[in-house]
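In what follows, a structure is listed as C-alpha cells, so that the remarks can point back to it.
Which chain is which? They are A, B, C, D, E and F, in the order written, and residues in each are numbered from 1.
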Amino acid sequence: MDISLDHSDVRDLVLGFLHEDIGRGDVTTESVVPADASGRARIEAREAAVIAGLPLVRACFELADDDPIEWQPKVQEGGSAEANETLVVIEGRLGAILTAERTALNLLGHLSGIATLTARFTSAIEGTKAKVVDTRKTTPGLRALEKYAVRVGGGTNHRSGLDDGVLIKDNHIAAVGGITSAVERAKTSVPHGLKVEVEVEDIAGLEEAIAAGADVVLLDNMTVDEVRACVDRAAGGVLLEASGGISLDNVADYAATGVDLISVGALTHSAPNIDVALEVEH
Amino acid sequence: MDISLDHSDVRDLVLGFLHEDIGRGDVTTESVVPADASGRARIEAREAAVIAGLPLVRACFELADDDPIEWQPKVQEGGSAEANETLVVIEGRLGAILTAERTALNLLGHLSGIATLTARFTSAIEGTKAKVVDTRKTTPGLRALEKYAVRVGGGTNHRSGLDDGVLIKDNHIAAVGGITSAVERAKTSVPHGLKVEVEVEDIAGLEEAIAAGADVVLLDNMTVDEVRACVDRAAGGVLLEASGGISLDNVADYAATGVDLISVGALTHSAPNIDVALEVEH
Amino acid sequence: MDISLDHSDVRDLVLGFLHEDIGRGDVTTESVVPADASGRARIEAREAAVIAGLPLVRACFELADDDPIEWQPKVQEGGSAEANETLVVIEGRLGAILTAERTALNLLGHLSGIATLTARFTSAIEGTKAKVVDTRKTTPGLRALEKYAVRVGGGTNHRSGLDDGVLIKDNHIAAVGGITSAVERAKTSVPHGLKVEVEVEDIAGLEEAIAAGADVVLLDNMTVDEVRACVDRAAGGVLLEASGGISLDNVADYAATGVDLISVGALTHSAPNIDVALEVEH
Amino acid sequence: MDISLDHSDVRDLVLGFLHEDIGRGDVTTESVVPADASGRARIEAREAAVIAGLPLVRACFELADDDPIEWQPKVQEGGSAEANETLVVIEGRLGAILTAERTALNLLGHLSGIATLTARFTSAIEGTKAKVVDTRKTTPGLRALEKYAVRVGGGTNHRSGLDDGVLIKDNHIAAVGGITSAVERAKTSVPHGLKVEVEVEDIAGLEEAIAAGADVVLLDNMTVDEVRACVDRAAGGVLLEASGGISLDNVADYAATGVDLISVGALTHSAPNIDVALEVEH
Amino acid sequence: MDISLDHSDVRDLVLGFLHEDIGRGDVTTESVVPADASGRARIEAREAAVIAGLPLVRACFELADDDPIEWQPKVQEGGSAEANETLVVIEGRLGAILTAERTALNLLGHLSGIATLTARFTSAIEGTKAKVVDTRKTTPGLRALEKYAVRVGGGTNHRSGLDDGVLIKDNHIAAVGGITSAVERAKTSVPHGLKVEVEVEDIAGLEEAIAAGADVVLLDNMTVDEVRACVDRAAGGVLLEASGGISLDNVADYAATGVDLISVGALTHSAPNIDVALEVEH
Amino acid sequence: MDISLDHSDVRDLVLGFLHEDIGRGDVTTESVVPADASGRARIEAREAAVIAGLPLVRACFELADDDPIEWQPKVQEGGSAEANETLVVIEGRLGAILTAERTALNLLGHLSGIATLTARFTSAIEGTKAKVVDTRKTTPGLRALEKYAVRVGGGTNHRSGLDDGVLIKDNHIAAVGGITSAVERAKTSVPHGLKVEVEVEDIAGLEEAIAAGADVVLLDNMTVDEVRACVDRAAGGVLLEASGGISLDNVADYAATGVDLISVGALTHSAPNIDVALEVEH
C-alpha cells in the first residue's frame, strides 16, 4: 500500500481507528465545547524525530467531521523535526479537532517512532552497499502502515507476507531433512517469479544452499566475522541477508562485511514511541 | 472485551491478523512441508515475562487450519515465565503450525510486553492504595487487546474510549474559558451515570474543580510534592489521578502520597516487546 | 452518535436501509417512470407531531441516486408540525424520489413518533427539576437513532449500552446476596469514571444502597408516595431515578416529588408511529 | 428469510444486536456477578400474546457466551401465552444470561407484538376468503424479522421489497399520465414472472386497470360499499386488495365484501409491544 | 441493479475487483513508472463486438487513484465496435492507468462477450414476438453484472434469483407427485404478486399445467414442432417459454413458432470473451 | 488459497454466492416442497471432463441448511469423469438440496471447464520440460478459484496479482524509454525476494533484457521458430515464457522448443463450461 495512492484503503483504516476511540460519541467534547466553535491547533514533536504518518493524521481530522479542515503542514512526510518543532497547523471546527486528536497522535507517534529508528539504522551504514530491511515482526493489523514507516525512514521492505516471498527457515528445513531437499522442493513448486531464500546457520549451510540453487541466503545469528566469511565464500553468486542480534552498535560492522541486506525486527516491534502533542491556540 | 467470553469478536480479530500475514497462501510452507506431516512444537519465552495473549495464540493455530490442534499449556495466562521456559506445547498439522507461527508470536510478544511492564509498575506500588491505570495512548486497532493485557498484568483500565468516560482536558477548558464553566457544562449534559473528571495543573485548579463539582481530578505533570499537597487539600472529597512523567523510578513516591490513581501512557505505547519463539521438536 | 456530526455512520445505516427495501432494483419505478423525468415532491405530516429524522430523510434521497437533490426544509428538525403541514420540499430525478420514498417515510414516521411522545412527557413535567430519560428498551438495530429522537423531543439519554454505565438490577443483587455486596463489588472493579447505580424496591433498599456507597438509586415500581419518601430520605445525597408504571397521566405527580430522573421505556418501545406522506406535485 | 432455515443470516443479525447493546462489555455484570456462577431463569409474558421470536431469543443467549445454554421451551413459536405464563426456561452461566437479557426481550416483545396484532386481524376475518397482508411500512433494518412475525401471527406477506413485486401507485400513474399508460409500460418491461398490480381510487380506475391488463388492483382508501362494488365489477377477473383505513373494528366488514386481500400497515408500524420479562430463579 | 443508478454498489464491486488484483500494491508499476508521469491511453476492441461494461471500466480507473482521470468515450455503452476500433481514450496518471488496466479489461471483455452473444440471438429472431431471456446459469458473484450485459445486448432478464420469481422444475414436481399438486401448492402460498411458472416436458404436461392454473409454462427440451404444438394448444392462455438445446442455428425456428420467451443459458455461461486491449500512446 | 486448507475464506465465498441466488428466500421450493421432506440426489457430468470444485459444491449444500448433508463422492477432485458419470450422491433435506442446486452447479461447471481445458494443454505437452501457466485474465472476483482449477487440471500458476510478482510489459518499457532502463529500475526497488520478468518482442529485446539482468523473459507473440531462437540464445541463463497466440493446435510445437513456460489466457477467460446436472432420485 502506497499511502498517497490507495485512498479507499486508508479511509477504511482510519475510520476504523476513529471508531475504536470515539465509539458512540465523544461525551466530553459534545458536552463542554460549543458545537459551532472553530479553532486553530498545532501538532508538535516533543523530541527530535523523522516524521511519518502525516497523511493519516490529516485523514483523521477530515474523516471525523463533515466540515472541512484547513491543513497547513510545516514539515514534510519523511522530514526531520527538532524537539518542539511544529509539524502542522490545522484549523476547523474545534470539537472535531479535539475528538480526533488522540487517534491522530497515536498514529503519528507510533509511525514516527519506526521511521526515526529506521533512519538511525540506515544512517549508520551509509556508504556501504547494504540495505536495512524490515521483517514480519510487526504489530498485528498494522503491517502495511509499519512497513510504510520503514520506507519513510529510508529502509527497504522485505516480503509483505507469506504469499509474496519465499523464506525457508530452520523449521521448514527440519521438516524435510535438510537444506538441499527444502530448496529443491521450493524451486519446483513456487511460482516462477519468486526467488528462493533459505536460512542457514553456518558456512557449511551456505555452501549447501548455493549448491541446491538458492537465490538468497539468510545468515542467521552469525558474528560479523562469520558473515564476512560467508560474503567471501558466496562471491556475489547469491544475495546474502544478515539477521539476528544486530543493533545500532554493531550494524556498521555488519554492513562493512559486504553483506547485501541487514534485517532488523526491532524496527517494527520495538521502536520507541515519539512524543507528539496537539495544542489549541487561544 | 473479556477475551474468554466474547468468542466471535476474538475470532474475527484473529482471522484478520492471520489474513494480513498469510494473504493468498504461505508459499514457502506449501511448497516445502508435506501437507500431511504432523508435528509437535513448543513456544518459549526467551526472557522473563508476565505472559499475556495465550488465548489469542491458541486461536491463531486453531483458525489457521481445519484440522484440530492439541493445546498443552505449561504456563497460565497472567503467569510468570523464566527465560527459556516453555509456555505451551502444541501438536497438529505441521504446515498449519508454521503458517500461523509469526502471527501468534507477534501477538504474544506484544501483549506480554504490556503485561510485564504493567506488573512491574503494580509491583512497585504494592502496599499503597493507588492503582496503576492505562490511558488512551494505545496502538490503533489494538485497544481492546492492549487494555486486556494491562488487566492481565494487574493494572486497572481507565475509560475505553471517548464515549464511556468524561475527561475534561486543558484544550476543553480553554475552549470555554475556565475549569468552572467546563465542569458545569459537563455536569448538566453528560449521562447521569458518568462521573466528571477534569485535568488541572496546580492546586488552585484542584480547588476550582472541587468547587465546581468535579468527581475526579487529574493532576497533570505535578511533582510528588505537589501531588501530596493536592491529596491533603482534597481530603478524600474527590478521586485524584496523577499523570505525566511517572516512571518505574518514581512511581512508588507518587503512590506514597495517597493519590488514588496513577496513569501511565507507556504501559501501552512503549512497553518493550517480549522475545518469544516457536521451536518444532524433531 | 450525533447525526449531524458522524457522516460516515449515518451514510452506512441509510445505505443499509435503502438496500433492504430496494434489493436488486425498483422494478415498478424503473419500468413505469421515464429515467430522465424530474419532479418536485413535498413530504407532509398527516397529524400534529414533533419532527425527528429529517437528516436521515435527506440522506435517503441523496444516497438513492447519483444526481443531486434540491432540499427545501419547511420545518426544522425538532420543530412542531400541524396536521397536513409540509415538512420539506424536494426536487430531483423523479425515479429516485419514488424509489427512496418508503424508506425515508418509515424512518421519519418512527423517529417523529418517539420525539412526539417524548415531548409530551417533558412538557408534562415542565417546571420541575426532573428529567425524562429513556431506557435500553429500544428496537434492535435502531438504538442510536431512537436515542437521538429522544433528545430531539427534549428527553435525556440514560446509558447507551451495557458498557458505558453501571446499573445493578434485581437479578444482579440476587446473584451476590444483597445490595451491599453488589454495590461494593461494583465500586471496586468498574472503571473509576463510572457512577454506580443500583435498583431498589423500597426505602430500606435505598438506605442500604446509600450506606454501601451507591451514586445513583433507581426506585423500581414505587408509588408516588413511596418515591416522595425516598426523596426525603436521600436528601440530595444520591441521584434518584423513578422507573416503572409511569405514564402521561401520572408523570407530573412523580416529578413533583423532587425525584431527579424519570425513566420511561415506552418512549422507544411503544411510541405511536406518526403518519407522514410524500406527494409528487404535478 | 425462513428463520429456522437460514442460520448464518440470523446469526449475523443477532450478533449485531448483541454488539449494539454490549459494546465493549457489560461492566455491571462483569463486576458484580461471579464469572463462574450458573443459574436458571424463566422468560414470561406479562400479558396475553401470540409469541414470536423464540429462535432469536435462543440465539441471543447462545451467541453471548462460549458456554452452552440449556433451552427448555414451554410455549411453541406461534403459540398463545396467557399473562404471566412462562415461555421458556434457560439454564447456563448466569453472567451470560444477564448480559443477553435485554436484547432478547427487546426482540421478543417487538415481534410478539406484531404476531399478536396480526392474529387479532386474521381471527376477525376467519371464515371469509380474504387474507390479511402486511406492507412495506416496516421498521428500517427489521423487515425480514417483522414479516416473519406477520407469518407467525397467521398473516400473509405482500412483496418483500421493491424488487420482487410490482405495485404502481398514484405517483407513478401521475408521472406517465394515467393508469392505462402506467400498466402498459409495466407489462412490457418487468420480468415475465411478476404480476402487475396497480392502485386505483374508484371504480372507474378499476375498470381502466382491468382494461389495461392489470393482474391485481389495489383499492385505495375505499369504503366498504365501494370495495363491494369493485368486487362485483371485477367478477374474479383480477385479484383485489383493499388498503387504507382498515382497523380491527371494520376489517370483518371489508372481508365480507369478497375482496381477496386486506393490507394493514399497522401490523408492522404500530403493533403495541408485548411486556415480557426474565426472572432468575433463586 | 441499474449500473448508472446505483453508484455505491458499483463502487463496492469495483473496489473488490481492484483489490483482488492489486493486493498490497503493484510492485512492477511502482518500481518502474515514475509516480508523477501522466499519459494517454486508448482501449480498443481487437474484434467486432457489442460493447458492455464501460461504466465499470471508468470506475476502475477512477477508483485506482486519487487523481482524476479524463474519460473520452468513442463508443457508447451498448454500441457496436469494429475490430481495432478505439472504444475510449483516457488520460491521467500513467501509474494508475497501468495498475487498473487488467481489471478493467477483464470486465470489459467478459461483459462485452455476453452482450455480443445476446445481440446475435436477438438479431436472429428479429420480427418475431419472442424475447430472448437469460437464466440463473451465471458466474457466481457476477449475476447482476452479467444480467446487465444481457440487457445491454438487447436481451430480457428472467428472474434475478430464487426470491423474485417462481419456477417449478422437474425435481419440485417429483417431490409432490405431479404438476397439478405442485402448481396448486405454489398458488396458495407464494406472494400474490408473483406468477407461477412450471416446467413441462410434453403437451400433456402443458395441459395439466394450464388446468392447474399456471401463469407461465416452460417447455423443456422440446423440438420446434413440439413447441409449435404447445403454442397452438395454449392459444395465448398462458405465457410459453422454450428452453433447452436452443442455439444460434435454430433459434429463429423456435421463435417462428409464436413462443413468447426463449431462454438461453449460454448467454451467461458460455459467451466467448471479447479480446480488448489498452495501448499507451507515446 | 488452498481450498482444503482455508476454511473460513471458502465459507465466506460460498455464503456470498448462495446469498446472490437465494436473496430473501427460495419462494418456489418453500411453497412447493414439504419442509421436512428428505431426498437423495446425484450430480452427474453430461460430458467428459476433469472435475474441479467438489469441495465448493459440498460447502454449498452444507451452508444452505442447518441440517447435515450426507456426502458420497464417486469421483475425486481432479479426477476424470465420462459423459453421464455420477460425480457425487448427496442425501439430506430435499428443500435445501434444491435451493443450493444452481449455485453448486454453476461453480462446478465453471471450474471443471477450466480444469478440463488446462488438462488438455498439459497433456499436449507431456514429455517436454515446459509448464502450462495461467495469466491474470481471470473473471473478476473468482481469481483464487480459477487459479485453483488450473492447478487441479495440472497447470501451474503465474503470479496471483500485481503484488506477488514483477512483470514489466510493453507499456512499462515505453514509459521509461527502454528495456534496460525498466529492468534496472525494477532491480533496484522491488523487494529482494521477487524475480524481475520482462516482456520482449524479438531476440534483440531478449538480449537487452539479459544484459540488463532480467531473471525471466516473456516472449510475446513470437512464432515457434522465434521462440526456438530465443531458447538457443538464452542458453539457460534466464527463464523463458512463451505467450500469445498459443492454442491446443500449436502448443506442442512451442513446448518442443525447450521454452520453460507457456502461458495461456484462455485457460481462465475462455474455457467452455462443463454441462453438469443434479437429479433427485425417486
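Please note the rule applied: contacts are C-beta pairs under 8 Å (C-beta built on N, C-alpha and C of every residue); 3 or more make two chains touch, one makes a residue touch a chain.
Remember, predicted model here, so these are calculated numbers, not experimental data.
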item: Separation of chain D from chain C in steps, with touching chains one step apart; value: 1
item: Pair sharing more residue contacts (C-beta pairs) when C-E is set against A-D; value: C-E
item: Remotest chain, chain A as reference, centres from CA atoms; value: D
item: Residue-number overlap at the chain D/chain E interface, same or different (half cut); value: same
item: Cα superposition of chain A on its sequence copy chain C - rotation in ° rounded to nearest 5; value: 120
item: Centre distance in Å when chain B and chain F are each reduced to the mean of their C-alpha atoms; value: 45
item: Gap in Å, rounded to a whole number, between the CA centres of chain F and chain C; value: 53
item: In chain F, residues with contacts to at least two other chains; value: 23-25, 30, 160-161, 163-167, 191, 194
item: Chain A-touching residues of chain C, taken from the complex the two chains share; value: 1-2, 4-8, 144, 160-161, 164
item: Interface residues, chain D side, partner chain B - complex; value: 15, 23-25, 30, 63, 65-66, 95-96
item: Chain B-touching residues of chain C, taken from the complex the two chains share; value: 133, 156-160, 163-167, 191-195, 197, 215-216, 239, 241, 260-261
item: Of all residues in chain B, those that touch chain E in their complex; value: 23-24
item: Contact set on chain B toward chain A in their complex; value: 16-17, 20-34, 37, 39, 41, 94, 98-99, 101-103, 105-107, 109-110, 136-143, 160-169, 171-172, 174-176, 182, 185-186, 188-191, 194, 269-270, 272-273, 278-280, 282
